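Chain IDs A, B, C and D follow the sequence of writing; residue 1 opens each chain.
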Amino acid sequence: MSDKPRKFKGGVHPEDSKALSASKPVQTAPLLGKYTVIVHQNIGAPPEIVVKKGDLVKKGQLLAKATGFVSVPLHAPTSGTVTAIEKCPGPACVSVPAIEITADGQDEWGSPFEPIADWQNADPAVLKQRVVDAGIVGMGGAGFPSHVKLSPTKPVDTLILNGAECEPYLTADHRLMLEQTEDVLLGAAILARILGLETAVIGVEANKPDAISKLNAFASNYNVTVQTLAVNYPQGAEKQLIYALTGREVPIGGLPMDVGCVVQNVASAVAVADAVIKGHPSIERITTVTGEPVVNPGNWRFRIGTPISKAIELAGGVKVQPAKLLLGGPMMGFAQNSLDVTVMKNTSGILLIPVEQVSQYTSEPCIRCGRCVEACPMDILPATISQAVENERFDWAEQLNVAACIECGSCSYVCPSHRPLNQHFKRAKAEILAAKRKQQKK
Amino acid sequence: MMLIITAVLFTAGLGALLALIIGATARAFAVETDSRIETVTEMLPGVNCGGCGYAGCADFAKAIVEGRTLPVQCPVSTSVHTARIAEYLGITAGEKEKVIAVVRCGGSCAVTVRSPYNGVSDCRSAVLVAGGAKGCDFGCVGFASCARACPFDAIEMRDGLAVVHPELCIGCGKCVDTCPKNLIVLTPAAVDVHVYCNSPEKGAVKTKVCKTACIACRKCVKAADNETQMTVNGFLVADNYSNPPISDLVEKAKCPTKALRLASKHAAGAYEGVSK
Amino acid sequence: MSESETTVVQMPDATKLVVSNSPHIRGGETISKIMVQVFIALMPAAIAAVWFFGLAALEVMVLCVMGCMAVEVLWNKAAKKPSGSWKDGSAALTGLLLAMNLSSGAPWWICILGSLLAIVLGKQLFGGLGYNPFNPALVARVALLIGFPQLMTSWIAPQPGNWLACDALTGATPLAATGKELASISDLFYGNVGGCLGETSALALLLGGAFLLFRRIIKWQIPASFIATVAIITGLAHHVNPELTPPALYHVLAGGLMIGAFFMATDMVTSPMTANGALIFGVGCGVITSVIRVWGGYPEGVSFSILFMNALTPLIDRYTIGKPFGYIRIKKETAQ
Amino acid sequence: MTSNLLAITVGAILVNNFVLSKILGICPFLGVSKKLSTALGMSGAVIFVMALSSMVTAFIYNYVLSQSFTIGGVVIKLAFLKILVFIVVIAALVQVVEIILQKFSPPLYQALGIFLPLITTNCAVLGAAELSVKAGYSVIESTIFGTCSAIGFALALILFSSLRERLDLAKVPAPFQGTAIALITAGILAMVFMGFSGLV
């Protein structure tokens, strides 16, 4: 592979604003008195709660067990008592079931998994079972169960580690690659073994030169190649990443394995390494708390169930009232209206956005400038689809391949008319799905 | 004279020739149609509201003629009209109870917690973002999708709440599918008293975000003429529409949150600013 | 530790947090910024027009710009629409483009009537900015051309540097000229010829066009294919029969081709959105322009051709939708 | 000969476009232009009817109606039957098209509705027959003239319907919605087609 940064078609170049927190080493958040662990943290079926109110739990003990293939178990972030099982604000501003654990302060491990020190000679099936048991999900944002991707039904020849972190502001993966370089590479090697591959490739955007050089220094020990990616949003989107690294196009509605690829986030790789080598389930993650209004932006290692109000407190609170609070990055993150939401396995960032940065959607008419068409990494026509949706012509939107949209938001980002394009696509997809369900019922 | 005869003969000959061609084509490409469908379509109101369950008035007419449904299923036509159709086809018009739509939520902006929302002004789009930005996850989000869908302008948006005017609603049900929170139900038109709440949450959770939520205090259940007139489902009380309560229940029950309302008075704005 | 206990940590007020769909940040582009940049790109041509035709040219431009903005404001008042739309600069730009399509000898009422036609007939009747299928300035120009053929085809001969050049020294537009009256190529390039304000200096228009291309406001496909097509067809026609029409370079530099290709055909609202569509659009404009110029009754065909292609734009858009990323493989698989 | 045919073609399609320059056939032009798909169907039907009818009418006119016969010592010229005969022929052709369409494309039949039988009284069809008689075209010439006039009609109709589909999405001021804005658009289109004048 050449050293030239790899890229894909389309995309946008937002101000990356990563300097706020890129140089801040990861700090471990202090133990809290109470954690509220949201039960459903993955894409797929929610796990089934196996504890009840009043139960004593140890750190890492199973709280909820997986209920099917596309489902992951949930573990206690610390030792203590289950004090409530009820609804709490969820990441989509809708209340969701959660388990409240009042910590006993001992932070005592229960019986963690048996460490598998000799992973090089371990049976791949055993390693994969460990990934299942540890409850690891895609920690880049989607929260897709990792073991599902590790069970391809089609031949796979390439394992890709996603270290692009193309979202502005976020630096969690950057710090992780810098500070836990060997863990990342070890995770990659274990994942490769599970898939029966010799090598893995890790893609990192060119705006993280320190991480790239550090990865390069150790990569050969683990049979991993480091590939520089052009700085272009959405470089970290699965399909765009695969195209940039291999030139293969994942079909619409298809999966990476359809083109022989498996993509895992770098944080998930570290979680895999922890689960295998140390026997720890997935109960913590690195999250960036940042944004211009934040007093001390930085990166913290939070346990799942940490309320974001505590996270913001750790970062010193805010200088001014922010206009928005987001979970995730500014391009694809979710706006929150409560500070009681808690950190989940896929919370890559807690972002506070000042008023002047916020995109105000005004729905001025489309002037057909075509900027969205140029920016779209999926080569669809955002402007036309949005007009179709505005007129509730969802069949037309379907013809225009709205299904291909990855909701990266590039179109809305460049639109001079400030049209809520991305929301239109979400609506179209929801309506098309609803119509299909209705038809199936008939 | 000769000229006239020749002209007549020529034209007649040409006409006969063309008639032959048309006749042949008609025979070759014959399509059977039932002229009654067209007649019935013309007798229907033609608003294509879909309230009958068919794609439009023409589709409904076809179903009537083919005996798959009865004229009375048209929610817009009066009994005089349906009787006329029945008479034309020599069938019975059938019987149907008149229904009207009820939006089971009383949470206007004045009495609920809402976040500032910036985006597409449409209920089904809004719920995709932060569940509609309303404190209550089950209440009316107030972006008027149902009001826009109503072919009879029977739904009014009042302070962020959809309110059905019973006297305008004909029960076509077009609004039902537009509500992302499934708040709209078709209820017997004779019933005037309804519980304007659809949240199954605990009372304490509800009252935190809405001042007019049903807190399942059961006052109405006890005040009703008999216990089965109201049904209790967890933390939510609702009418038992197969044995509905009569209108004076609202007076008798003294609902502490005014979730129990008369549809007619609700439409007239009698409960606005309650428990403020 | 003691310090953190004394200082109060300010927390965000959750009730004031706005919820909206992603993305939550946006690039700085706005409609008015685009309009202002096109306006700037027209400045060299405007200055050239004043240089060659004097203050009368300035008067026409001011009248049209003010006229269009005034009509926009009045229409919004009458139609009870939000009144702020004149601020986005689109009306002013339409006005300037209209002025570029008029002769410096145009009377004041032509400017006002043109503004009225452009804003009301060309734009607002269709629902305002973004919805008009035809280029508003060209609708006005063509309507005036058909309504007042005499006025619209009498040109003032250029008098470089003479600020008060307003007395009608009637000259012919170079495209109507035949045989020995042909202007020299350098006159055409610098703009020392009669015609509309925006038809004179190819140099000034090229400067503006280069600016627009550099700022990525317009797609290169439209001007490139438009000009190339005209050059090829007129070149062939001249080659076959030199008596019929002047050579290709003359056609490229003369008349409204430059302003049409860079400023009129590239109007975003009325041209295709996709790159392939833009190519087809440009070629179509070129073909019709050449046909009208070489064989038609009007000396100039740029406005007609652009309007014709405007009418074709919905069809072009419909049939140039490309295949999305990852589409080919689906087809292959279903074929198997 | 070829240059003459070329002149007829260009003239009928662009310069003397039936709809936009001669203002013939406005009824279906406004009536079936709401959707591109119906416009395409209508175009097909009109091209078929016009091509066939101008061929048949030219044949009848050139070989029967314009000739003088001597029957029983009386010289007879049937030219005065022109309009009557033309209409009968056109009506028959339209009827045939209608029957075939109803059989093979019921949705299109439904969509065209009353405008399909109305092709009979479409002045464009009669106009093509009349004008080719007036110009003294031969059977071949008038067939080409009829076909090209129909193509011109189709061009205008298709352009117009695609524009109207776009206008459907536009926020046209209430008083101008529907036919009003359609007529304004047609007017602008007609101005555009004036640019072709002088080509032949």
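Here, contacts are C-beta pairs under 8 Å (C-beta built on N, C-alpha and C of every residue); 3 or more make two chains touch, one makes a residue touch a chain.
On a predicted model such as this, the values are computed, not experimentally measured, just so you know.
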A-C compared against B-C, more contacting pairs: A-C
Centroid-based (C-alpha) most distant chain relative to chain D: A
Euclidean distance of C-alpha centroids - chain A vs chain C, Å: 46
For chain B paired with chain C, centre-to-centre distance based on mean C-alpha positions, whole Å: 50
CA centroid of chain A to CA centroid of chain D, Å: 62
Cα-centroid distance, chain C relative to chain D, in whole angstrom: 35
Two or more partner chains touched - positions in chain D: 169, 171
Contacts with 2+ other chains: residues of chain B: 115, 118-120, 128-130, 133
Of all residues in chain A, the ones touching two or more other chains: 93, 334-337, 361, 365, 420, 423, 426
Category of the chain touch graph - line, ring, star, complete, other: complete
Complex contacts: residues of chain A adjacent to chain D: 365, 387, 390-391
Residues of chain B touching chain A in the complex: 115, 118-122, 124-125, 128-131, 133, 137, 201, 205
Residues on chain D engaged by chain B in the complex (per definition of touch): 60, 64, 69, 71-72, 74, 76, 78, 80-81, 84-85, 88-89, 92, 95-96, 99-100, 102-104, 106
Parts of chain D lying in touch with chain A, wherever the complex brings them together: 168-169, 171
Contact set on chain A toward chain C in their complex: 9, 12, 14-15, 93, 168, 239, 243, 249-254, 258-259, 293, 295, 309, 312-313, 316-319, 321-326, 330-339, 352-353, 357-359, 361, 364-371, 373, 377-381, 383-384, 400-401, 404, 407, 409-410, 412-418, 420, 422-423, 426
